[in-house]
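In the two complexes below, chain A is the common chain; its partner is chain B in one and chain C in the other.
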Partner chain A sequence: MSQATSNAAQGLGQATTLASGFQFPSIHNFPPFYTLQPTASTWKNQSDLWSTIIMRYYRHHRLYQLDLDDSTTNDQLFNNQRINRKLKPETIQAIVEEMVKKGDAEWDATSRKRRAIIYWRRPEDWAAMISSWVFESGFNNSILTYYEIAHGENSEDQEFYNIHPTVLQKTMDVLVKRGVAATFQGANFEEMGVKFFNAGA
Partner chain B sequence: FHYVESIPTNTTINETSGTTNEQPGIACPACTFHNDPFMIHCEICGTQLQDQDSMVFMLHRQQQHQRSISQLPSALSQPSTSLSTTSAASDTTAGKLSAPGKFMAGMSNFYGGSKPTPEDANSVKLSFRAGGSGSFQTLLKSAMGNKAWKNKPKPRPMETVRNQSSSTTESGSSSPSIQVGGISGIMRTVESNKKVADETLSEAFRDLQGLMDKAAEMVALAEAISNRLSKSSNVNNEETATFKTYLLSMGIAAPVTKDTAGAVFHKELARELVEFILPIVEREGGTMSLMDIYCVFNRARGVELISPKDLYTACELFEVLNLPLRLRKFDSGLLVIQTLARYSDDEVSTAITTRIQNLPPGSGLTAVELASAIQISVALAQEQLLMTEARGLICRDESVEGLRFFDNLFTHWEI
Partner chain C sequence: MNRKRALGAKAYTERLKATNESYQRVGQSISDNQMEQLQGQLDTFRSNLENFARNHRKDIQKDPVFRMHFQKMCGNIGVDPLASSKGVWGELLGVGDFYYELGIQIIDVCLSTRALNGGLMELSEVKRRVERMRGLRDPNANKALPNIPYNSNSHINKLANKWVTMTNKDNNGMEVTEDDVLRSIKTLAPLGSGFQVLQIGDKKMVSSVPRELNRDQSIVLGLVQKTNGHVNINVIGERLGWESGRAKTALDTLLNDSLMWIDQQAEPHEYWVPGFFEPEDDDIYASTATST
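The block that comes next holds the complex of A and B.
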């Protein structure tokens, strides 16, 4: 934290705070932060910082998908009007690419690297969270639909409420692989069912 | 301006009479080399051997050539007598051979044998048969040592012109009366054209000759003043220093030229360059672009200008000659001269990083700003910034306002 104090002394000014309560770190006001750094080591540090900010932002706003063509989110996250700098789409793409390498994100296979899921929680973490919720709520041995998990009344106060379908599917894959649950085909994605076994607890 | 004085490297020696008929084979009419009877062209100089017309042509060229030889230093101007005598004498002592005139000069560039390369243009090929090279070398060395061509009184420009113009009128008046057709007629025309061209040239450069004479005096004057200044130390120091820099940029007393240095021209040039430029490069912070050096150096050389290629070649020799400067090519293609040890990349990048860190918060540094701050060229400043950036010490901000460099805050930032 002493580092943060000396960072503030760099004259980057007070960190921006959004209406949503999200506070950017003051590096967000550093002009070179918006230029893809050609030096490899510098770029690594820079993309790491960006990926941290992206994950924090997505967690804060419970967002899952980053879309290069979605200007609303990107304008808030990647555009700093105070210093009149913004990330170019190709730079954002390069940052996400770095995140994919580390497992913090995953490209939507059909999107030609225009959309990516941001894993501010890994599927393994979601799996642990959902299964403990299932057992605590006594839903084990009964079949739950994906809709009930993601949008049901019982999960309204849970962090995985409104979870992105892709993330949910990845989470279920983890649970099935562990032998904790079994999935059942439904007519569409939301009618897919899942049954948690006692043994998994 | 080399045409004015006779050039020692162009010393050509020709043997026209002597041993031709005693030996089998065909004597080359140009260089007297004894070729195999079946040869059509001379092995040494490439002259055609068996065509009568070309023999006439060559003889004519030969006469022309001998005229040019007669302008050479006296020691070398009468090769067939003085040289053959010496070689005969040395051969007698050697006790092996006695026939005079055992060397030939092959002037491939003169007589159009092989295609002349730039190196050929100032050189002659001497072929010695049955010895005599040693004595020739001795004689040549003494002539070079005496600088015999310097003793020759300089023709005054006016005289030269008058002589030439009179000779032109002579040839002009005589040529119509003779009315020779064919090759000799063409030769005559060529020769008279050449004379006119010579005249035009010498007239055009007469003023420059005067300028050169004056320039030498100016350099001598500058030296004298500088000597006097260094003796009297009580003069205002700052003024003296300023004046000295003026003098420094004004003159290299005896610039190395292709005439004086010959084959080692580029090596000598490299040495002279280092001697002259080293203090300047150090004053400029250890690095100067080659273009700047070219300007400063040529200004100091006065009228003995050198070509960019000569400078580049000389700079390439720094390493071979173990001189304290190095030519460096940046990735962008920019060429600079750097001092060897004192200003390494480490020091430059550290200095730049410190400079950037000490800037007011939030403001970066552009190449132009750096260039004006430490008095170097913008291209060089740019290169230094990029080098520092590549070391991960600074980072860039590319915007519509241009490229600015900032301290690399990413390295230690923790969030």
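The block that comes next holds the complex of A and C.
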């Protein structure tokens, strides 16, 4: 039916949907999408498209960390077996570098640009989400541990359930800086505590 | 004898003169009459045309075929009602607004996809996307409907088909033709926006970036239409008989103009025209375009 090109006939123009329900946009099947484009403006667009796909993929699968040395986690993301093309680690690194510039990602300082956190939500957004959950649930009068926030039974239905420790810490930093909450040292990361103030009252 | 003849001649001349004058008078009155009639006819024609336009305003705006015929009719008598939204015709019909609105939508479509296609897009694809923007159901999207298990006798299926036909009908008002798109792009020209329609190979392509393609670039783009949207130096050699230097130059300049993308994981390297790679209904292009 398509008046269009033979690509449509090849079925390449059609988006791929994963078993997880995640749907790649059709450009994921575009072979040159896996080569770092030498033309600057094309590369800019290419890296923008990739970062959008990465963010959506990470959000859908609730992933936080991108590790260049771990090829299994993102196998479906960066390795397209249907067209037999895959992104080289250095190209992924270049894409993440662009994301870092925009604040969509952050390199793990100790990883020499091999590991990064992908911010499909910014710490500011997580901060707003967590504090409204705290106040709505009436936890603002007690001290909550990081474990209770990230893995507690009360937060099971929350989007921040199983949040990555680094992201959680960045989120807490935002809250402390805003004077909304204070944190307390614990024996380990999960036993760190946080107390929310009745802000604005 | 002489005198008589002279008198006769004089009478003759006078008679002749009188006859001429009376002929002239008659002639004058006839042509006055005709002018009056013609003027009357013109007035009638004009008011008829205006009435026609007024009465069919909706059809002109909604029905693309009707609009085309109306355009042609007006073109034949030297009136261009669509040239602007100002003036009798524009105000009367509001059709200038139609092309103005369409123009905005074309700009939107071209800019939001420029990231991918380097600002070169098939006319038919522009039309398809504009129609989608106008809320017209994509005829190809109907295929997506069979979430409902297909069974030609199923009652649900019949209902679904009926629904599709109904929605299509309801959306008829949004339909545009390639002719409309072409006209609208012409009206964009004075903006100096660089919008133009290029004939490349068999296809009309809308270019939203001011550019001039050289001859070799056009030939390669025309070839790519026949080779599944991608090409390499060997294929150019076989099909066009060019030596590799010439082919490489053409490909590299197209790469530079962001009209082509390179796939270095193919051997020999494969050059792709993303404009010929049909994206389905992705929202990703729009979302990245706004974030940049």
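Here is the rule we use: the second predicted complex is superposed on the first by the 188 of 201 C-alpha atoms of A that agree within 3 Å, B and C clash if a C-alpha of one lies under 4 Å from a C-alpha of the other, contacts with A are read in each partner's own complex, and residues count from 1 in each chain.
By definition in this document, a residue touches a chain if its C-beta (ideal position, glycine included) is under 8 Å from a C-beta of that chain, and two chains touch if they have at least 3 such contacts.
In this text, all values refer to a predicted model and were calculated from it rather than measured experimentally.
**Student:** Where does A:Pro38 make contact in the superposed view: on chain B (first), on chain C (second), on both, or on neither?
**Tutor:** In the superposition, A:Pro38 touches chain B and chain C alike.
**Student:** Taking the superposition on A as described, I'd like to know which of chain B and chain C A:Arg85 touches: first, second, both or neither.
**Tutor:** both
**Student:** Touch test for A:Ile27: chain B only (first), chain C only (second), both, or neither?
**Tutor:** both
**Student:** Please name the chain, chain B or chain C, that touches the greater number of residues in chain A.
**Tutor:** After superposing on chain A, more of chain A is contacted by C.
**Student:** Now for A:Gly138: first (chain B), second (chain C), both, or neither, which partner does it touch?
**Tutor:** Neither partner.
**Student:** Can A:Thr52 be said to touch chain B (first), chain C (second), both, or neither?
**Tutor:** both
**Student:** What part of chain A is shared between its chain B contacts and its chain C contacts?
**Tutor:** In chain A, residues 3-4, 7, 10, 12-13, 25, 27, 30-35, 37-39, 41-42, 45-46, 49, 52-53, 84-85 are touched by chain B and also by chain C.
**Student:** Touching chain A in the complex: which residues of chain C?
**Tutor:** Residues of chain C touching chain A: 115-116, 118, 122, 124-125, 128, 139-140, 143, 225, 228-230, 255-256, 258, 261-266, 270, 272, 274, 276-280, 282, 284-285, 287-288, 291-292.
**Student:** Mind listing the chain B positions that touch chain A in their complex?
**Tutor:** Per the touch definition, chain B meets chain A at residues 360-362, 364, 389-392, 395-399, 404, 406-415.
**Student:** If you look only at chain A, which of its residues touch chain C in the complex?
**Tutor:** Contacts found on chain A: 1-8, 10, 12-15, 25-27, 30-35, 37-39, 41-42, 44-46, 48-49, 52-53, 84-86.
**Student:** So in the complex, which bits of chain A are touching chain B?
**Tutor:** Residue positions touching the partner: 3-4, 7, 9-13, 25, 27, 30-35, 37-39, 41-42, 45-46, 49, 52-53, 84-85.
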